[in-house]
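The first chain written gets the first letter, and so on, giving A, B, C, D, E, F, G and H; residue counts start at 1 in each chain.
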Amino acid sequence: MSSLADILEGYKQSRISLEEACEALTRAHTAHLGHTTVDLHRQRRVGAAEVIYAPGKTPQQLAEIFVAMAGKQQNVLATRADAAGFAAVQCELPQAAFNQTARTIVHVSRPVPLAASRIAVVSAGTSDQLVAEEATVTAEFYGNSVTRISDVGVAGLHRLLTRIGEIETARVVIVVAGMEGALPSVIAGLIRAPVIAVPTSVGYGASFGGITALLGMMNSCASAVSVVNIDNGFGAGYIASLINRTDMPQSGGL
Amino acid sequence: MSSLADILEGYKQSRISLEEACEALTRAHTAHLGHTTVDLHRQRRVGAAEVIYAPGKTPQQLAEIFVAMAGKQQNVLATRADAAGFAAVQCELPQAAFNQTARTIVHVSRPVPLAASRIAVVSAGTSDQLVAEEATVTAEFYGNSVTRISDVGVAGLHRLLTRIGEIETARVVIVVAGMEGALPSVIAGLIRAPVIAVPTSVGYGASFGGITALLGMMNSCASAVSVVNIDNGFGAGYIASLINRTDMPQSGGL
Amino acid sequence: MSSLADILEGYKQSRISLEEACEALTRAHTAHLGHTTVDLHRQRRVGAAEVIYAPGKTPQQLAEIFVAMAGKQQNVLATRADAAGFAAVQCELPQAAFNQTARTIVHVSRPVPLAASRIAVVSAGTSDQLVAEEATVTAEFYGNSVTRISDVGVAGLHRLLTRIGEIETARVVIVVAGMEGALPSVIAGLIRAPVIAVPTSVGYGASFGGITALLGMMNSCASAVSVVNIDNGFGAGYIASLINRTDMPQSGGL
Amino acid sequence: MSSLADILEGYKQSRISLEEACEALTRAHTAHLGHTTVDLHRQRRVGAAEVIYAPGKTPQQLAEIFVAMAGKQQNVLATRADAAGFAAVQCELPQAAFNQTARTIVHVSRPVPLAASRIAVVSAGTSDQLVAEEATVTAEFYGNSVTRISDVGVAGLHRLLTRIGEIETARVVIVVAGMEGALPSVIAGLIRAPVIAVPTSVGYGASFGGITALLGMMNSCASAVSVVNIDNGFGAGYIASLINRTDMPQSGGL
Amino acid sequence: MSSLADILEGYKQSRISLEEACEALTRAHTAHLGHTTVDLHRQRRVGAAEVIYAPGKTPQQLAEIFVAMAGKQQNVLATRADAAGFAAVQCELPQAAFNQTARTIVHVSRPVPLAASRIAVVSAGTSDQLVAEEATVTAEFYGNSVTRISDVGVAGLHRLLTRIGEIETARVVIVVAGMEGALPSVIAGLIRAPVIAVPTSVGYGASFGGITALLGMMNSCASAVSVVNIDNGFGAGYIASLINRTDMPQSGGL
Amino acid sequence: MSSLADILEGYKQSRISLEEACEALTRAHTAHLGHTTVDLHRQRRVGAAEVIYAPGKTPQQLAEIFVAMAGKQQNVLATRADAAGFAAVQCELPQAAFNQTARTIVHVSRPVPLAASRIAVVSAGTSDQLVAEEATVTAEFYGNSVTRISDVGVAGLHRLLTRIGEIETARVVIVVAGMEGALPSVIAGLIRAPVIAVPTSVGYGASFGGITALLGMMNSCASAVSVVNIDNGFGAGYIASLINRTDMPQSGGL
Amino acid sequence: MSSLADILEGYKQSRISLEEACEALTRAHTAHLGHTTVDLHRQRRVGAAEVIYAPGKTPQQLAEIFVAMAGKQQNVLATRADAAGFAAVQCELPQAAFNQTARTIVHVSRPVPLAASRIAVVSAGTSDQLVAEEATVTAEFYGNSVTRISDVGVAGLHRLLTRIGEIETARVVIVVAGMEGALPSVIAGLIRAPVIAVPTSVGYGASFGGITALLGMMNSCASAVSVVNIDNGFGAGYIASLINRTDMPQSGGL
Amino acid sequence: MSSLADILEGYKQSRISLEEACEALTRAHTAHLGHTTVDLHRQRRVGAAEVIYAPGKTPQQLAEIFVAMAGKQQNVLATRADAAGFAAVQCELPQAAFNQTARTIVHVSRPVPLAASRIAVVSAGTSDQLVAEEATVTAEFYGNSVTRISDVGVAGLHRLLTRIGEIETARVVIVVAGMEGALPSVIAGLIRAPVIAVPTSVGYGASFGGITALLGMMNSCASAVSVVNIDNGFGAGYIASLINRTDMPQSGGL
């Protein structure tokens, strides 16, 4: 509230005119109103932790964004990126890392301190791993330790049961599955953490590019399941981080 | 082929005219062509084992059909019947039995010998039991022993695992589930018998009256699952009987 | 792992026979395997904190369940209950409380200590309040403080902005909206907490009983939004509690 | 009505025979009946202001249409055009202008006087700008001043609020958005002008190529919103012009 | 901007403390920020022209709202109202008027001056007239002259053509149609005014409660058509008024 | 063309003024333009053969329409009528006939001469007969001989094959079926007449109130099948009559 | 019935053995039973008038089929063919004709006598003409005179009205339209012939590849409209021929 | 239960330490719990009869899997494989067989003894044969004799009827059909064996890539039909084998 007080004092002491005070207050209110937004936004997109959706950007554009952000000591994550995009970024920033499965490029200027609790990312089939890896990289980018558990689909329950110990100690669990999307229900019935379900477009015929999995997860008979969009690994990783950390970490010394 | 020969002989020996022979052959061909159909049909609907879909029939009509069939020593099953229909049937046939959960009326004239192997009927939630019971009564009507296992939804896997021994010894398993319809996948991954999945209209919101469960079952990651229509307990019981018995039993002395 | 060791020791020291040891191990393994499930289950459904889905149960049945649970000093919550059900419960347990808007009955045997952080439940229109109230009662039942904020739909942004301060201090925010379901996106863009979106069946025409709202929330341009089923206030309240508390509270002295 | 009078006079004064008069009247009646259509049509498509849907036409065909129209001093707009089409047009008409984002070619023979009031075209995300630009070029083609406001999605409300002053002074506002399509509701709640909402095919998964945005806009809780087809920037620009001008301008000296 | 100045002056002259000034400015900024919203809102809902969605309100509640608004000299419109609601309103406000077809109650305290141009409301079939009448009453409530043209469906083109003269002179045309929803396309091809299409739930089978009409209108081959939700007569009337009048009228001397 | 000549002559001979001539020509052109429409319309709806859709009309209104039409010696058909409506009609017109299955009321003033060729109406199941009967009554109303063939669903092919002789001699065949809607394909493969397929809303679960049958018929592997709306027996009967007769009969003194 | 008699006689006179007679009767019955099918089939596919669906066949295979059929003096029509397929056919049969718009290849061995009445094929937009041309070629192949009327969409009613005279004299009218699919309703309201509506996949956004047009046609407010599958020009042409000719013509001297 | 006893004895006799015993019991319990799963799994995927879904695997990876399995004397089946994959496998295992239609690679180390009863695989159209062949190869791989019957669509019933004798002697029948998917209903009405229906993506327009066929089969009026996913030939073959054999054969020396 100090900025309002500043303007008021400035006006009372006649350092600024009435007109100037009105204008400053209008500007201030704008900043005031949106301060959460602005800060959050700066933190999340323009600032410390920038996330870039790569499709539609040229390798050159991608590289320029990375360089600009890195210049401000901000960590940068690009999703849905390809090798060409990475090559351009790497020319400028040799420490940038490409995860081919997750299709992500990450460049860290100031390492984020790790949260105390962990996130588990569980995936059903081999083909679901792309989405699971995007969730994993995202969660790690925001400073979370992630346990990866893959190929534990419901049709081979045995494999899942031998891994349940690793899953149940996580603060929050991301479950990635295509086809009938039943894995989140099964896992949510075995543990006490909240489950974020990610339907994938894996399947054929009546899987409708992920709609069947999405609907199945939506109708989970387990109460702890909430759902994000098809193939939205980034969203799941981001939400899991919001749950796992009291405050989303601010990378660097900000 | 003997009937053709009979007509031919009758004509050769002039017991029947050319005109009569042609007409008889036309009739015979009709019978011949369709004989499987006719027999099956007579067996299944008009004959030994009659099944009646009760909705749209008055209690009086229902009672008349039961009486007519019972008079021919045929077993009769009515599905989707209510108490009023049963009252009318019971007045005429005191031994008729009503299953309120399954909404079935059964009258047995000649008991069907039981098949050696068994059918298991597994249901996920309490509300799925209506459909499960319709499947059970149907399977029993055709001379099958049925093991009922209920309330073993995927969100409480523990209960399912303690019953898996009973399930895995069945020749064929009917799995009834609403909401996300994940139970057939889980069971099919644990046993070696074929699984007939029955989606139910249990659920709300994005369950779409059973469509979500149907789609989930259709996209099962377990190979042994085939699916029937929403709430179609009768169909599941009938198919399970076709699988469990080499020949669908012919009730009575046929 | 001590229970296994106990059995082993008991057997080694011949306190139990080989047969007894095998049986105990089988039982133990069952418990071991499913211990999270079993415990969780007991806690959640059979034990301390029982939740009952009222539809399909008679007032008498409902009352019996409440009495049985209360006799074990367990807290009980019934959802989608009506006045008749409450009357029957109240005869036996005068302290039971009915929330007509939320359609819930709650009976608390041992008060749950409140979590330090809060949950906000935000709803768009007047008609969305039924679902919002179910979420609120559920969250409170599990020991969470809830801030209710209603009638702040996106078409009257002003009302929302004046309440944003209350929303942004919550650990997790439930947003309930029908029609186009845009409110979660707007709120998630203004705050840093995870948002659980609940589509409601409020609307007409092309709202398809909540499908449009569900799809809109699924496609939120804000990353922090995950979604539960249409009108699923209970699920949202339950998940919010899982996020707000490190461990779901165990009511009573357990 | 003068043409009917002309024929009547011509006949009365015997300049034309009865047969000629009947035929002329039949022809005239055709013109009369449809005169709005014909005129409008000639104005809009064949005449002064011709609009061409480019897909399915060769560059050569496109160029020929432009030349023919320009020869009649008519303004021409081609939508969904590509660079090859433009190259062919430009060879013949060097003043023709290509808008790569909007994918439009415009050739103006007689400048249209500008309407007094303005149209605002607001778009949510970067990818929505193609459609927004098509709407903008269309509106400008018909003689409207357009204010472009882009990248003001609902998840970053702050950016929108700082631009609301520019939006609220427009006579009619076109709002272009993909994903959940919430922007029209938010804007319509802040201003008093009619809002034409254009869903775009931007999004993935459950966005269904724009269906989710379309449904969301259709169910807007703000009353001032009407909707056109997915990606239909042209239609929105055309309707906005019909609203902004009392009469759609007739380009050239007509 | 004067209110800001007032606070500033009050503070400068020490009539209010710094704390009071900060709080007043925060409040003022809120009002300032949202002034369009607030004013619009007050005008539209709380103020001069109040619109009430009747379903879910008791007759008594409805009557109380009418009385409160009328006491402030504001005009009130209730939509989807029934005879019982009207009876309660009429007891208190004898001049209130009920339109049984439109299901509207209107009470006018200060007559709104009529706009110079007119709105046409065209409907296809007899059953579409309910929705058309809601649009008509709404448009009239906001001070527009309305021409009603009904029963001019596309399968009887002749009837439409004889009325086209009345339609083409309107500033904006609302077209209401169910079934295949083709009427807006036909009309928009004959006139030059913008067309607001209202799909209705009239039809059966594959009309899907209005979805087919909505989709048909959405895909109109005529460019001048925008669409509102199924049966949304109110929305169409409101938008048409926004188009027909430069400013939505402010009833009374406010 | 004579009316035009009349007006021209009237004007030339100054029996009418220029103004009168223009107005008369405008009127004449209207009549001229639409004469097919008008005539057809009068014949089909207002005139000789009136069809009334009963729902939404009171018994009294229904009776009045019948009396008015009968007074003009026109035949009248009401569809979707009930017993109450018939009672009212019968009071006034004792010869009116009610078909309870088809839900039709027919009153014939002048019998229509029968067409030489016949129409066959084939239905699959018992429940499809309501729609089949509506088609039958409609076809008979327009003067066609109809062969009814019912209960010949594809699952009992034998019954169908024994009736194929009756079907293949019809000029056009209406096939009515619900559930999977396969009957039209089977019949169209056995005969040479055009087949009009009518999906019915008979079925449950994934039959979606007739959508599955409609889609099945739409995708018939037999080329001779065209489809009308779900349960649209009237439409099928009307189209079959258009095909069976060179000209739709004009009941009355033609 | 003579063939049966022949066999009987042959057997009676001992020209054939009992075994031979049984076998012959079995064969004969097969032929008898299916004689309509067989004949029709031979006529339609294997015989006089062969129709080939080209996709999935190599140019060489296509040419071989044409040669084989032409060798039997049968007329052949291939649909959905391309230039490569035609080139191969033309090498062998220089008189074969390719219609690039309709994508058809036709080779006529024996010209079919023309039916007395005509078929009209009406299409809405330029892009609908491919489908219209397939319908036209098909109808002509079966010996019908066809009137082509194109580019008469409902948004330019004037053009349609000037052609209505040509349309109303046809025995049956095929109407081809995409987008909202309104043209069949409008035409069916102006004429007395049956209308076969063909939805096309022309459109974008919410046209769903023709579904919107299909649904619109299905819900036509005009009674004379029946519908075939999307883009099914062949089916429409075939059905129109079945209606236009009492018997489908048998090409050649059969 | 012996393994538990073994561990207990080993521990009692101090052959293993307490720690070793606990670990062994944990392992054993895991094996015990899941033993069906494990065995089944080993048999089906890792062991004797391995099935590989080829898409997403490089030819080299495919070859490696085949070699590894063949080295363990296990039979291997790859589905959805292409020629390149086969080439790589064949280099290593010259006896491997490629079925180009079925897109399968099979390598048999130990021939599976054939079941006594047979499976019939029936397909409707030419294009359905790919899926039918996948079902056939799968069934044969598991040791079943298969009768192939193709091109017997419902529109040519005659061809089907002449083959019904071959179909009705099978223990289970797979029916493969696209478009309207009516064939399973017709066949199930003619025979007594269970029918597994496989919808295919064959068709266009409103066939929706197989959805229409799937829905049609789901709503079959014949009781014996259950359904698998679109184009899922493998699943159908696998389920048919489960039905045809009492135990799924264990290839190799078991």
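As a convention for this text, a contact is a pair of C-beta atoms (placed from the backbone, for glycine too) under 8 Å apart; a residue touches a chain by one contact, two chains touch by 3 or more.
Just so we're clear, the structure is a prediction, and the values are computed from it rather than from any experiment.
The chains that touch chain E as well as chain G are D, F. Taking each chain's centre as the mean of its CA atoms, D is the chain most distant from chain B. C-beta contact counts were set side by side for B-G and C-D; C-D has more. Chain copies chain C and chain E are related through a rotation whose angle, from the C-alpha fit, is 90° to the nearest 5. Residue-number overlap of contact pairs with E-F passes half for only one option from E-G, D-E or C-E: C-E. Separation between the centroids of chain D and chain G, computed from CA atoms only, is 40 Å. Computed from the mean C-alpha positions, the centre of chain E lies at a distance of 61 Å from the centre of chain H.
The distance from the centre of chain B to the centre of chain E, each centre being the mean of the chain's C-alpha atoms, comes to 57 Å.
Taken residue by residue, chain B touches two or more other chains at 33, 37, 156-157, 161, 189-190, 205-207, 211, 214, 218-219, 229, whereas all remaining positions touch fewer.
Under the contact rule defined at the top, the touching pairs of chains are A-B, A-C, A-D, A-E, A-H, B-C, B-F, B-G, B-H, C-D, C-E, C-H, D-E, D-F, D-G, E-F, E-G, F-G, F-H, G-H. Interface of chain G with chain H (complex): residues 30, 33-34, 37-38, 41, 56, 199, 201, 209-211, 214, 229-232.
Contacts from chain D toward chain C in the complex involve residues 124-125, 153-157, 179-182, 185-186, 188-190, 203, 205-208, 211-213, 215-222. Those residues of chain D whose C-beta lies close enough to touch chain F in the complex are 1, 4-5, 8-9, 11-12, 18, 21-22, 25-26, 29, 32-33.
Of all the residues in chain H, the ones that touch chain B in their complex are 33, 36-37, 40, 161, 164, 168, 171-172, 189-194, 196, 214, 218-219, 223-229, 234-236, 238-239, 242-243, 246-248.
Those residues of chain G whose C-beta lies close enough to touch chain D in the complex are 126-127, 156-158, 161-162, 204-207.
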